[in-house]
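As written, the chains take the letters A, B, C, D and E, and residue 1 is the first residue of each chain.
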Amino acid sequence: MKGPDIVWYLALAGFLFCTGALGVLIRRSPLIVLLSLEIMLNGANLALIAFSRHYAQGDGQIFALTVMAIAASEVVVGLGLIVAIARKNLDLDVDKLSTLRG
Amino acid sequence: MTSGWLTTALILFPIAGGLLVWLLPLRSFAVGSTALLFALIEVGLWIDSVARFNFSRPGLQLDQRTSWFSDLHVSYHVGFYGFSLWLAGLTVVVLAAAIGYAFWAGRERPRAYYGLMLILTGAIVGVFVAQDLLLFYVFWEAMLIPLYFLVGVWGGAGRLRATLMFVIYTMAGSLLMLASIIVLGLSQGTFDLVNSGTSGSDWIFLGFVAAFAVKAPLFPLHAWLPEAYRESSPEVAAVLSGVVSKAAAYGFLRIAISKFPEPVADFRTPILVLAACGLVYGSLLAFGAPDLRGVIAYSSLAQMGLIVLGLFAVNDLGLNGAVLQMVNHGLISATLFLLAGGIERRTSTGELALLGGMARGRPALATVLMTAGVIALAVPGSTAFAGEFAILAGVFQTGWGWAAVGAVAIVLAAMYMLRLISAVLHQAPGSAVSDAALDLRPAELGVLVPLVALLLVLSAWPAAITDHSFPKTSVQVTSSTGATGYAPLPNHRLALP
Amino acid sequence: MIAAAWICLLAPLGAALAITLAGTRITRRGAGYLATASVAASFVAAVVAFALLLGDSPEERSHPSTLWSWLTAGQLDFGLRILVDPLSVFMMLVVAGVGSLIVAYSIGYMDGDDEERRYFAYMALFVFSMLLLVQGGNLLVLLVGWGLVGLSSYLLIGFWHDRPSAVAAAKKAFVMNAIGDATMALALFVVIQRSGSLDFETVFTHTGSLGGGWAVNLIALGLLGGAVAKSAQLPLQTWLPDAMEGPTPVSALIHAATMVTAGVYLIARTHPLFEAAPRVLELAAGLGAATLVVAGLIALVQTDIKRVIAYSTMSQIGYMFLAVGLGAYANGMFHLMTHAFFKALLFMAAGIVIHALAGEQDIRKMGGLRRLMPFTYIAFGVGALSLAGVPPFSGFFSKDSILAAALAHGWYGQILWVAGMIGAFLTGLYAFRLFFVVFWGEPSGFVREHLLKDSHGHAGEGPLSMTLTVGVLTVLAAIGGWLQFARVWTPVSDWLEPAARPLVEATGTQEAVSSVLAVALGLAGILVAWLVYSAGRVQAPRLAAVQALLEHKFYVDELYDRAFYRPAVLLAAGLGRFVEQPLVLGSVRGLVRSMRELGLGTGRVQTGLVRTYALSIAASVAVVTVVFLAVR
Amino acid sequence: MANVLVWAVWVVAAFACLGSGIAVVTFSNPFYSALSLIGNLASLAVLYLLLSAEFVAAAQVLVYAGAVMVMFLFVIGYLGERADAPWAGGPSWQTLGAVLASAALFVEVIVVIGLKTSGRLSDQRPVDSVFGRPYDIGRLFLTDHLLAFEITSIVLLVAAVGGVVLGSHARETP
Amino acid sequence: MIFALDTPHIDWLALSAPLALLGAGGVNLLAAVLVPRKARRVFGAIVCALGFAGAIVAAAILYAHSADGHGVIADSIQRDRLAALTAIIVAGSGILAIGTSYSEPMADDHIAEYYALLAWAGAGMIFLASASTLLTLFLGLEWFSISLYILCAIDRDLAGSLEAGLKYLIIGGFGSAMLLFGSALVYGATGTLEFHEIARVVQAQGLSDDALLVAGLALVIGGLGFKASAAPFHMWTPDVYEGAPTPVTAFMAAATKTVALVLTLRVLVTAFPQEARLWTVTVAAIACASLAIGNLAALVQKGLKRMLAYSSISHAGFMLIAVAANNGLGARALLYYLIPYSAMSVGAFAVVAARERELNRPVTLDNLAGFGWERPLLGISMMVFMLGFAGLPLTGGFVGKFYVFAAAYRHGWTWLVIVGVAATAVSLYYYLGVIRAMYMRPAEELQLAPVGGSPPRELVLQTTVAAALIVTVGSFFVVQPLIDVAKHAAGSLPF
């Protein structure tokens, strides 16, 4: 089952990662920013699993699995924050959350 | 040495005293008198160390050494040379006078005030006895912290800007010195001043020079000086110009000159130029200054220029004269600042245009100011003259032009100092001078007379210092010009065994 | 002998200190007595020293004594050292002798001043300083005394410190003298460099090795600068007339008898150094000659009684400079002594006049004092005659021998001799202008108002302390010159010979020619003065330009003001405004400000937008990666 | 043949992955973004399968696309639809910088890969049958990565506490 | 299938410090349910403090018994003195942070969770300090980061707290993603996650200029720099420090920085020794940037917390100089410096907290006027902390800076010494500005405690500050023992 070279996966992983980064950089909705972070993590995961396959060694997969769990944790906390912010009737716009500056 | 504890005691005793008066919940009077007592005992300790010091023996004495951290070979190493002994003496005397004056004048928050003064005493003494580069730096900076408070809290209306300028400017200079200390210490393998050899690095030398030149101050690095001297309370200004500036001169002597013979030779001319500029420039500005403190402040600038001139002559006359002049100027400017304080207290101004005629009916004030003033302008026969003469005679050996500049400064000194004396004492009473402005009180005399008396004693016997500062062989002529008669001295180096 | 010398030196210092420290615990009169006693003690000690020194053979009359090392530096050691030799003893006698008379005179003169104690302390300090100057055993001690007399002169000129003019005059005197001190110090630096010592004997024995050329000339010039400043010779003469702001006894002591003649002493004392630089020595003589003429001219138009005498002092010191500059040291010193007598006498007599007229010094308000103050009249007359060099008064003997020495000194000396002769005429003229205007004629209204009312309750000529001392000085001025009559009777020259061997010896003919001519010219001056100012037979020529030139003292004051003082003031102000503020202070403030600006700049990037923060991370990582990939 | 099939699957999954990724970032409505992310995760799961990471693929679908995204959708639903336009708002240099930085990172990854292909990345090592299976993963989690396993659970616990602390607002909101 | 698992040996001692804190956190979590609301504050603080104290004891024992470092638990973590010393510093900061938190006017309902999260954050940091694989590195990082996200936002009454939390979370996630992708690339380059293995593989296969490896290294440096709040990855720091509850800020400033820097050192030195030519320069550049930006921005700050945040950025710069030096002296310098630095950080923020509680509004330079005279102990302490930050003698900060510069010089980088010196000079302006505000403003500008008189004597807070003061000053005098400890800890690293 000889599929594409590992480099293709890697390119895809890189693309995902950068897409996610772009999302973080251009979006103002904290929800979408969180989603973009997930994409970045997934890009990294893809790279890890690809390398794991390349080396025929499970460490990368283990790493990817823990990343999944960590991502979930971040999402939980992030969503909790977003809900708390929404409850304080603050705008859900990271650009408006700029009372701290200077 | 067996008496090394005495040196440590000279540092720690006032600091302990400072902490004590600061922490004990004493009342104002008790705080002041306790502090004064500590200061006087400190003077006694110093006298004891003079008594134990063997002036005929070269090398470090009353030394004590303990390792501080060994991996970089840094140690607590203190001890006295002849000249540092005198500078320490200057410190304890001036600080005692300053504390006495403050005690008389009364200061708010006395516990903190006297605590800081005593701590300052210890720190300055520390600078003069430290024989380890890092320890020197520690005391050097530690000296600045109490000063920051003393100027900043108890100063005049413009004190905030003055302190900011003073502390940041001088510390910026010191930090360059820190860089130099690190480089020197690591390249030598030890931070000990006595054990380490000399260095030929210009950059390290310049780092040290930067610190000392700012602190002294050397023209044109004196931007902090006018405001710091004007805004401090008089006794702090006395300490600043009398003692703290001497720490810089001491630094030139102990480190810059004795550790860097080649760079000294390379940079002698530029430094002498700056010193000479400072001498004339300070004198001229002192002549133009509109107020008491301004005159004394700029005259300090001039005097520091003179002292540096002497130091960088690097010969017997120059070095001995410089040490003598350090002590002289310390006592003189302390006296003058305290007097200025007394006058300002009476007239609530230091503007010369508003003063005058204070000699009439105030014989003590007139006598003390006149005596201090004529000594300050280095009238022949005064100890200041002895110092100036030796310095200029020393620097003359380097080049006649330096001494010619110095001669100009002699005349200018007469001009600004007489202007000051006349503006305060003579002619018709100024608008700020009322009959309510009394003569010096006994307490003030108690502070000032000892200072003036010391000056007079030194005037009778300046050799007390010049004969007991350096081992006779410390200045070595490394190359001779082969001229006839008394060997002139283009290339000297100072070696402190 | 050494002990006597030390006592002589230290007695006045002790008195000065005692008076200062005692404060109000000593009465005003007591202070006067103490000061007088101390100076008198000095005189006695000086006499003792003189007597003892007389016992030595002439070649061994040199006894140094060091109290302790004053200033040391490595191998160099400058002791607190005195030298007792004929020259110093001669000066000690003059200083302590005239000094004690003048201090005693002051007791009466200063009576009633509310700061008498300070006055006597200063006077005692001055005598000490002057003695230190003349007794100093090395150049440094000499310089110390030199400076200290300047200091006490400053203190005494400005004694009445609520007068702005007095304070200004005092400052001027001090600063001018400081210039001299500075040039002397420079000379000393060269000496140190060349000989490694300042002791007279050592230095003089090194004179040969001083190396000709610039070094020795520089030394001599430096010393000459000091001498010129102290003795108010051209071009540093302007302070002396102003110094008349001080009390009259001060003028008598400091600005006539002793301090101002120190320059003469200096040249005599350091003559080996000057002799090694003959051009400089000639310069000194030339300056003296110029001064004696210029000062004589100015004295003609002055209206202040003390200023006239002051200019005459300058003029007479010009003679002394002329003498020592030509190498006739003994003649100069002799004139120094007689001058001390008659000039002190003139001042003190003038002081009696001033005292009687409640401080008035303008001669135009005086007149006809002859009858009202007969004693003063006689005393002043003796002084004036002596000044004019009329035999047998003292001035005749000393001045004429100077002129004779000039004649003996080749063509240069002969030019100066002419100047001296002109000076002799001028001396007679201005001295007797003063004398006739003040004493002859009818008492002016002003005089009557003061003297006839007899407001002092005294006979108008002062207390005994004044009249007695003036009397003594009158005698001395009259007969003091008999100590020496050149070529016949020369004890002064013989005495000074071991200390300062003269370079010229006038012949009998020269002596005779000079004497006759000088006396004649002096008498001519007196005659002209009588014609113009007393008899009114001749109108003084009215040359407005010359008059103005003389009244403004050749505009030297104005010149110095424009050339030195004002530039210094402007420079001080200019440096403050254009260097100190903008450059020295401004640069630091500017640095602080720019730092703050940078800080504010970083604050502007800190937008508060979380996206920006992420962008900065992403961009930085991208950059780092590129760099790593590029340089790996 | 199998290779062609693998390639085909790969291409489809890859493009789905790319498209859904871009969609997540560019949809203005968070709801659609979240849905796109589910698609993205699913397509990634396929890719994982192709890389013999079967357990990971399963977990991706079950845990990630299932549990986590459900929570996401829940919150989005709770907060209501708050759309914001991508590329809008903020300083213009922000957007420009964002694109540049992202593009730069991508180019760098490509360059890195490009530099690497001449090397060893093309030869994949053969894998045994257990590779990527639950057994293998379980073994690793209990042996080499025991600590990681435990720590992961702790992090999840922390997050849970965080969720409670941040989400429970009984006291607040009038 | 035979389930013959070769489970690794569990070195409980190596884990004892995090475990103590985990336990303390757990107890607190239970307390949130079981202990009455009024007692929770005291209980939580005590349990948490006991946890940190236990961690210190455990770490001390670990230090004593780990003279030669080695990997444990399947080489997931490293048992060595470096980790133990870091644990002690972190746990010490934790105790001080608890003291600072004690009277923080925070809502009671989450107080137990607060202490639980504090303990867990500490546990995460201590764990992270011993991480020896990229996986445990990532996990530990997230462990304490997530705890901190929550802690930042926990005081919902505090304006800016939620904003700070969200910003921290987003940027934290972004930074973690960078680190993760970097880890993936490194893994791709070497096929291993374990630090020593990475170094070995790179050495054995000559990968030192491998593109994947260096790209991964760049991303890893970015991720670590973010945690250390070094410029240009620093921009979240001021906002988060300002918005977070002050005690949390205190803990973050001290502990996060400690662990991030130690970890940066460990990763770079252990895993990437072959890449030293790249990362030393990079870290030096980052250090310079941090020094410049941190100091310049701090110059113009009015708010004290924000100013201290920028100051912490500049300190990251200072300590990164020690990392960049890449020598034993640098490691020693870093580890020594962290001791007084942590104490000063927590102490300074504790004083800020005290003033905040007095005024009930954010502390600025202006409303600090007269504080020094009013509260002598706090004033003196703040003064000492500021002097310590500025690196003046009689504080450990001086010796720390001295060692850092010495390390830079020994690496041959005198220019870096000059940069550090210049930065210090600039920093004096604002550090002394604080002292000036406290002591030197004229009386009419004094802002005394608000109506209601002096606040209750906060014995715990004052004790905390005093302890920080003692550490700050004490570390100046007892340099030798501390340096010995730091030397042994640095001995764990392959220099």
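The criterion applied here is as follows: a contact is a pair of C-beta atoms (placed from the backbone, for glycine too) under 8 Å apart; a residue touches a chain by one contact, two chains touch by 3 or more.
Every value quoted in this text rests on a predicted model; they were computed, and no experiment measured them.
Asks: Name, by label, each chain that touches both members of the pair subunit A and subunit B.
Replies: Touching subunit A and subunit B alike, sorted by label: C, E.
Asks: If you drop subunit E from consideration, which chains still connect to each other through contacts?
Replies: one piece
Asks: Can you name the chain whose C-alpha mean lies closest to the mean of all the C-alpha atoms?
Replies: Central chain is B.
Asks: Which pairing of chains accounts for the highest number of C-beta contacts?
Replies: A-D
Asks: Report the inter-centroid distance (CA atoms only) between subunit B and subunit D in whole Å.
Replies: One centre to the other, that is 71 Å.
Asks: For subunit D versus subunit E, what separation do you get between their C-alpha means, in angstrom?
Replies: 31
Asks: With centres defined as the mean C-alpha position, give me the subunit C-subunit D separation in Å.
Replies: So the centroids are 103 Å from each other.
Asks: What is the distance, in whole Å, between the centres of subunit A and subunit E, each centre taken as the mean of its C-alpha atoms?
Replies: Averaging C-alpha atoms per chain gives centres 26 Å apart.
Asks: Tell me, which residues of subunit C touch at least two other chains?
Replies: Touching at least two other chains: 592, 603, 606-612, 614-615, 618-619, 621, 625, 629.
Asks: Indicate the residues of subunit D shared as contacts by at least two other chains.
Replies: Each of 90, 94, 97-98, 101-102, 105, 108-109, 111-112, 115-116, 121, 144-145, 148, 151-152, 155, 158-159, 162, 165-166, 169, 172 in subunit D touches at least two other chains.
Asks: Any chance you could list the residues of subunit B touching two or more other chains?
Replies: 168
Asks: If I apply the definition of touch given earlier, which pairs of chains qualify?
Replies: Contacting pairs: A-C, A-D, A-E, B-C, B-E, C-D, C-E, D-E.
Asks: What part of subunit D is in contact with subunit E in the complex they form?
Replies: 108-109, 111-112, 115-116, 119, 121, 135, 139, 142-148, 151-152, 154-155, 158-159, 161-162, 164-166, 169, 171-172
Asks: Sort out for me which residues of subunit C touch subunit B in the complex.
Replies: 20, 23, 68-76, 80, 118, 129, 132, 140, 143-148, 150-151, 154-155, 158, 161-164, 167, 170-171, 174-175, 178-179, 181-183, 185-186, 188-190, 192-197, 206, 209, 211, 568-569, 571-573, 575-576, 579-580, 583-585, 587-588, 592
Asks: How about subunit E: which of its residues touch subunit C in the complex?
Replies: 166-167, 170-171, 174-175, 178, 208-211, 214-215, 217-219, 221-222, 226, 232-233, 235-236, 238-239, 278, 282, 293, 296-300, 426, 429
Asks: Where on subunit D does subunit A make contact in their complex?
Replies: Within the complex, subunit D touches subunit A at residues 2-3, 6-7, 10, 14, 17-18, 21-22, 24-25, 27, 30, 33-34, 37, 40-41, 44, 47-48, 50-53, 55-56, 59-60, 63-64, 67-68, 71-72, 75-76, 78-79, 82-84, 86-90, 94-95, 97-99, 101-103, 105-106, 109-110, 113, 116-117, 121-122, 124-128, 131-132, 136-137, 140-141, 144-145, 148-149, 151-152, 155-156, 158-160, 162-163, 165-167, 169, 172-173.
Asks: List the residues on subunit E that touch subunit D in their complex, please.
Replies: Interface residues on the subunit E side: 1, 5-8, 10, 22, 29, 73-74, 76-77, 107, 109-110, 113, 116-117, 120, 123-124, 127, 135-136, 139-140, 142-143, 146-147, 149-150, 153-154, 156, 165, 185, 188, 210-212, 215.
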